[in-house]
Amino acid sequence: MTRYGAMYGPDITFLGVPPCDLDVPGEWADADVVILGAPFDGGTSHRPGTRFGPSAMRQACYLPHDGSRPALALRTDGLKDLRVYDAGDVECFSGDIERSVRVIEAAVATIAGTGAIPVVLGGDHTIALPDVTGVARAKGFGRVSVVHFDAHADTGNSEFGSLLGHGQPMRRLIESGAARGDRFLQIGLRGYWPGPETLDWMAGQGMRAYEMSEIVSRGLDTCLTEAFEIAVDDCDGVFLSVDVDVVDPGMAPGTGTPEPGGLTSRQLLDAVRRVCLELPVVGVDVVEVSPPYDHAEVTAFLANRVVLEALSAIAFRRGGGTWDPTRPLLDGRRPE
Amino acid sequence: MTRYGAMYGPDITFLGVPPCDLDVPGEWADADVVILGAPFDGGTSHRPGTRFGPSAMRQACYLPHDGSRPALALRTDGLKDLRVYDAGDVECFSGDIERSVRVIEAAVATIAGTGAIPVVLGGDHTIALPDVTGVARAKGFGRVSVVHFDAHADTGNSEFGSLLGHGQPMRRLIESGAARGDRFLQIGLRGYWPGPETLDWMAGQGMRAYEMSEIVSRGLDTCLTEAFEIAVDDCDGVFLSVDVDVVDPGMAPGTGTPEPGGLTSRQLLDAVRRVCLELPVVGVDVVEVSPPYDHAEVTAFLANRVVLEALSAIAFRRGGGTWDPTRPLLDGRRPE
Amino acid sequence: MTRYGAMYGPDITFLGVPPCDLDVPGEWADADVVILGAPFDGGTSHRPGTRFGPSAMRQACYLPHDGSRPALALRTDGLKDLRVYDAGDVECFSGDIERSVRVIEAAVATIAGTGAIPVVLGGDHTIALPDVTGVARAKGFGRVSVVHFDAHADTGNSEFGSLLGHGQPMRRLIESGAARGDRFLQIGLRGYWPGPETLDWMAGQGMRAYEMSEIVSRGLDTCLTEAFEIAVDDCDGVFLSVDVDVVDPGMAPGTGTPEPGGLTSRQLLDAVRRVCLELPVVGVDVVEVSPPYDHAEVTAFLANRVVLEALSAIAFRRGGGTWDPTRPLLDGRRPE
Amino acid sequence: MTRYGAMYGPDITFLGVPPCDLDVPGEWADADVVILGAPFDGGTSHRPGTRFGPSAMRQACYLPHDGSRPALALRTDGLKDLRVYDAGDVECFSGDIERSVRVIEAAVATIAGTGAIPVVLGGDHTIALPDVTGVARAKGFGRVSVVHFDAHADTGNSEFGSLLGHGQPMRRLIESGAARGDRFLQIGLRGYWPGPETLDWMAGQGMRAYEMSEIVSRGLDTCLTEAFEIAVDDCDGVFLSVDVDVVDPGMAPGTGTPEPGGLTSRQLLDAVRRVCLELPVVGVDVVEVSPPYDHAEVTAFLANRVVLEALSAIAFRRGGGTWDPTRPLLDGRRPE
Amino acid sequence: MTRYGAMYGPDITFLGVPPCDLDVPGEWADADVVILGAPFDGGTSHRPGTRFGPSAMRQACYLPHDGSRPALALRTDGLKDLRVYDAGDVECFSGDIERSVRVIEAAVATIAGTGAIPVVLGGDHTIALPDVTGVARAKGFGRVSVVHFDAHADTGNSEFGSLLGHGQPMRRLIESGAARGDRFLQIGLRGYWPGPETLDWMAGQGMRAYEMSEIVSRGLDTCLTEAFEIAVDDCDGVFLSVDVDVVDPGMAPGTGTPEPGGLTSRQLLDAVRRVCLELPVVGVDVVEVSPPYDHAEVTAFLANRVVLEALSAIAFRRGGGTWDPTRPLLDGRRPE
Amino acid sequence: MTRYGAMYGPDITFLGVPPCDLDVPGEWADADVVILGAPFDGGTSHRPGTRFGPSAMRQACYLPHDGSRPALALRTDGLKDLRVYDAGDVECFSGDIERSVRVIEAAVATIAGTGAIPVVLGGDHTIALPDVTGVARAKGFGRVSVVHFDAHADTGNSEFGSLLGHGQPMRRLIESGAARGDRFLQIGLRGYWPGPETLDWMAGQGMRAYEMSEIVSRGLDTCLTEAFEIAVDDCDGVFLSVDVDVVDPGMAPGTGTPEPGGLTSRQLLDAVRRVCLELPVVGVDVVEVSPPYDHAEVTAFLANRVVLEALSAIAFRRGGGTWDPTRPLLDGRRPE
């Protein structure tokens, strides 16, 4: 068997779900979801370390690593109700961004091509380019909208003389046609980047970006509802890209380019839940978790829960029905 | 004198309140509140370290350790308006959970038996079993409701082959009759534990658990008001159990089983204040503060303030009157 | 040239703005803003380390240090639209508080005397005394109101036998007449200090302090609006003093006297923006950032952004017009 | 298959050696060495955290986890030249020291009973009791001498009212006859514990303890040579017990009871090599690695290398021949 | 009783020795040693934090805080064989170096005046000036030689415009005549400070400084022996001043001005032992322990052991006899 | 002026030496030494972060950043007695190793081509390839021997499918002929890498590697003396490459691939001094300092001192004369 496993440290799977080898289709033919590590941090413009993100996200949990996580809120088990496999890491040499992007795209396309949902654990945000492109290869260029949580627009043109990098993936995606600019929804932007020229380019593409001022003044739920309408207009699926730095650095310190003034952890988890409950998600990535800058694993725990929240909600959506957040936890349970 | 003092490090008292020896009743005969350390972490299922919780909570303050803390908001001094003593630590050998539970229960019962309020500094949440049982020995089994802030229900049946542990105390309390299931109010639950079987058991006991989704959608204050009504229905007192992991790990990293998506520190302090202002509190514990995982003592400071907030509000309640949170800080003060 | 530069570490300027030497007026004759470091921590009552605050605030950014920061929200560039210089540090010997206060005051007065806005990077809050006094020397004693974000009132009379220190600057300012007590607006107070005697003194001066309970129950924006009305009543300018400990320690651990239950980072940034958009700010200080207690630079990043938020808003206010927080980020942009 | 795996975190093996299930003898019938985790920290008298020691020691390496480690110095591959399996962790509930000691002893005895060498990864030093006893069950009580690297004698009688704990294992071993006092060699003792009464007891047992003063003045190698002679006098095998706190806390901070003035890392590695080259080692434990107190994993890396050094030397000894430390690394190699 | 206690945190004594109030002579009339905290860090030129040094040194131990520490090596109990009291902290306002120096000197002189040995816990090295001067007031100016372990000579003339500070105490001592330059022995110097002018001044005073190159090439013991001869030539007593930065920063990170290439912890402990065994020590200080920069308390533990090593050796010297470092630990013990 | 400056953070120079722009030869025409940053970490096989190494090494000092460092031991000022410039960083995109290697080589060759000594601050050890090659372009291929301090041989053939990386530079250098295998001296190797095949290759090249066992048994100075003889045999110059991981991880934690059992800091500094005193050094690099894994900057301080030690000794060598390590620090000084 040729399974590569984890690039860094021991070969483990996300909370103990079964492993699979992408090169052995029979191992994962029935997959609903395939988890993939992309331990690449060669594209970051500042603090590196996200190469250890996949390993950290896979194991940041105090419960048994038994491939089961029954969600209290949604009453689904994202790891059991769905058939979830972990394909290990794509071998990403951080010193060769072109090759890394190429091999990630191939792996993601392989997964998406079977109808399974790829969930890619980064790595820096460079990987959104191969992640979304890989899905688009399966679903059709321009047929997948993107819901993008981030402090940064990631629509730069080049950095350090490179068209590839963690500040540029969204521009490359729109330029290539993999994703449509007018189906690109960005939530949580703030701070001092990018500059006017890039913002003009974004406007020209019809992108919709929710800066934190708008989110605070209009309410996150209002913004999400509006964004969701755009996302499903003439698109067949949604790619969810979560940069952990959308959360305030005080609550998610383990990241490379922290921008103060972000969402709370609670807000991000609730928003990810809504995305996956209400939209036809066909791909997910969770990026920019940098363990060397983390403390007591709080950022890794958060990212682990982002993945679980997404899977729990996808499982709920597949099961049908409507979720009522006000329903008490124990309501309707059949006492032993 | 047989006072044991602190198990770990120097023998200090909570912010300098007078020490007392439980074995010398005359030393604390007039106590309104007796603080007790339970430096036990043998019951934790993951990261240990809460044995240093009592020492950390006693000293995490930048003000003089002079046994006085006049609260800005409530205009009471919880350490002065009440007669507060610190009995030191119960000697807890973390390698012997049965003995530790036994001796904690005895110490708490001794305190509660005199009418004083025990405030127990944990330690892991295992200690809720002896803490509430000790109070129930004085007030009557089933006569004390429990208001329980936590990310976790702590109603597991057994772990590592043990009926005792930090995931099981609430089940043991209900099974023994020390506390009634239908007067058990849990606030802040979230995540992926326990599983359906345990939740069914909880439902069967009539427990009321407020998961974070309900809290976010209905509002924390609404949930608290509802819970308070249950708490005082046919019960004579309330035990307040605060697991610091109810707060988001980003704001309270120094704990053993962090679950992202929790309350803010501000929310917890306000909720504890309401409990102690509005309910007849007869016992308190603050648990799961693990200094080895803390940073810059932020979790220890928070737990110290949870204790002070509780004592300030208990003092206010004893003084009578109604508190108006909108009243300006300097309103009605008599200028010098 | 006599420019002193940075006291600790290399001689750098705030994000690369041009340096200037206060002793060479021609270098900064056209300044709108002059940044000044006050690396003094001899006045702190607990954890020191703020002497490294100026250096940390100047460089806590992942973007190029190129003297430009176009703000997404306000669409201004606080470092470019204003003429901003960095005068380096005032040489502050932490072992001599009297001398340090004297030389800071002189430097601030020099800046304010030209009409430029001094932005002072602390240092502990002792420096508010020379900061506000220096501005008052230029604008007139009693002509400048103070908007003060802090967990603490800083109106103590003396500490460790000294009238100077980080717990006493506000009293000294009011006593000297540099600032009027009835134009002193304090936002974010909480906890257990100061005691009744000092609060009575504050009331006697007509100070208005917003404790967190009032802020939570009435809303921060309501409180700010009310405070702003007082601030501009019969005063010619406003000094903005931001103690980073107004933010919850979980989100801003790198400080000396952390008091749980504070604002979120987002709230502070929004509030600072409102102050600088709506009020005639004539001086700013940002204090109590203690890098030794920080983690992953999150507190330093926050303080850096507080400065940028202030400058961005000052630039906006000078440009005229009204800012609409609900306006989408890309709205009205001219596509390339 | 009933393999338990790792208690905390993912189920991994020591640097990728094959797993085995002790309950399935056929899986490891040919073993030379069986690695066993004992994640127990309920016996520590101070800082806990060693429950995470096995997991940390298994993975603290930057090389591929491929079950091979060719040693530069000894030119053996301890993981390949020997048949090494990892049996996972013994399920140790830290709150029940009696049960934990019992199950560890059983597991160790099972391994030793086949002639394989158990290498136990602690855990606190409590486990030396079951580790050595387990081996003695196979080799005969009193037939195995003990070479014990430690800052502490671990010969206390009781602590916290318990005969079991990390300060007492060596006394229990001698009392039971599992090990002979006059074949007990302790290296690296220092500091202020135990007191005279215990030292007298030790003398009465004929123990030989090398305090750091003797080691510094006579030389470590001289002391080792002397100790080795005692160890092989009328004994059939040697148990090597390495408490990582024998190394100076500056070089091995991740431990529970640090005592300054210890060996260097280099000295410990060289000494362990000599033990395993020159003596008939029949069992090994490496204990007191506490990851919560470690920094940048330096203590975990050290402990990992202690295990590898031991295995490399055991492999060399089995291969026969004499090792010359002065031989150049590349001497005698056959160029490609 | 007017005892001030500890400035920062709870009022504790060094490992539980009895407290005393310097103002109540009867409390400590029989003292052999009085411990005094000098929590002053206003004189440091770089990283502060030593104000927490006294508190850290008093409690950095995993053994019971019971006022007893029987030394394995010397077979004395420095805390029991001597009558040791802890007078608490001198109130040191770090913002006022002149006052702080004055009050420390008075306290030290009070102690030394009775014949007791003051052991001062710093604080930064500024305090060597009042420490040695205080002793000289009792023993006579010029009658006490100084053995000074440090990476730095601390003979600067002024810094930040101040004659007082942690880089200047040794010059002030020699200038005032409190200590003779030609009886000033410095051990462990290295690095790049001070410059030639200061070195010339030192040479002119007849100082003897052992730079690390000399120590490495000649051997530490040789250098010490030579230095000891100078120290006792026409002097009546020796003051031992230990700056923890004499140890390599890798082993003692918690300090303010780390200079790589220092002694090992072991070397420092052995050297301190020799000083106190072989010389008539009349005063001791241990300085420059900065807890904010420490990790896992390793520097605090080391400094605690420096104090204990000194007291153990002083007790041995008083008891008479010769110590043989090669004597086995258990040799000559009377078995139970 | 086109000076690029520092890639990460503010544009600073090594301890304040004058900046220069390599593209403006007139700025540094008289240089003896040019410092160059190579903030590249895309070639590391494990923990990244060395991109922040140049910035950390330039500023890790508590003394004024004034471009002067008079060495106590050697009595030279490496920054003043030599003409030293800092050319800033080569723009290294960590995601493109080929380009990064190319541009570093060009910059180094530019410096060496003028006769100045390039001192390159890494970055991971990948950069040794362009560093030595750049010097060889000026001095002649095969005319420069290499003295290489490291835990690792760095002679791998490929890693992650790349011929470039931090484990392969020495092989590439020998293959290209830039450096001769039989003039390659490696000091400090240890651990479990590389495997026999690579060692055979090394032997075939005539390399001389001193593993720690040989160093311990023969003595470091003996090994160095022997190595120096080889280094100057039929070579015109020596390149000194210092990987900070040659030092034990306990003393130098801030690195990517820590291997326990290394040199002490003191040993490394003394060895670097000898290299630069006794050999004709024509180029230097100091690599593998990874600030995210450092604590209290101890590794950065060490690396800073390695640079200073080298420059101090180069200055001494140029001045002529013989250095006597036993000479007292103050010997021969002219008193003021």
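The chains carry the letters A, B, C, D, E and F, assigned in the order they are written, with residues numbered from 1 in each.
In this text, contacts are C-beta pairs under 8 Å (C-beta built on N, C-alpha and C of every residue); 3 or more make two chains touch, one makes a residue touch a chain.
All of these numbers come straight from a predicted model, not from anything done at the bench.
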* Can you name the chains that touch subunit D as well as subunit F? -> A, E
* Structure fact -> For subunit C and subunit E, the touch-path distance in steps comes out at 1
* In terms of residue numbering, is the interface formed by subunit E and subunit F classified as same (over half shared) or different (under half shared)? -> different
* Compare the contact pairs of D-F with those of each option in C-F, E-F or C-E, and report the one where over half match by residue number. => E-F
* Copy-to-copy rotation for subunit B and subunit D - C-alpha atoms, rounded to a multiple of 5° -> 180
* By the contact definition above, name the pair with the higher C-beta contact count: A-C or A-F. => A-C
* Structure fact -> Cα centre of subunit A to Cα centre of subunit D, whole Å, reads 43
* How many angstrom between the C-alpha centroids of subunit B and subunit A? -> 38
* Structure fact -> Multi-chain touching residues of subunit C, meaning two or more other chains, are 46-47, 248, 250-251, 253, 264, 293, 295
* Structure fact -> Here the pairs of chains that touch are A-B, A-C, A-D, A-F, B-C, B-D, B-E, C-E, C-F, D-E, D-F, E-F
* **List of subunit F residues in touch with subunit C within their complex** => 9-13, 16, 58-59, 65
* Across the complex, what residues on subunit C touch subunit E? -> 8, 41-44, 46-49, 51-52, 91, 93-100, 126, 160-162, 164-165, 292-293
* For subunit E, which residues are in contact with subunit D within the complex? -> 62-63, 68-73, 75, 247-248, 250-253, 264-266, 269-270, 295-298, 301-302, 305, 308, 325-330, 333-336
* Structure fact -> The residues of subunit C that touch subunit B in their complex are 45-47, 189-193, 195-197, 199-205, 207-214, 216-218, 248-251, 253-254, 256-262, 264, 293-295
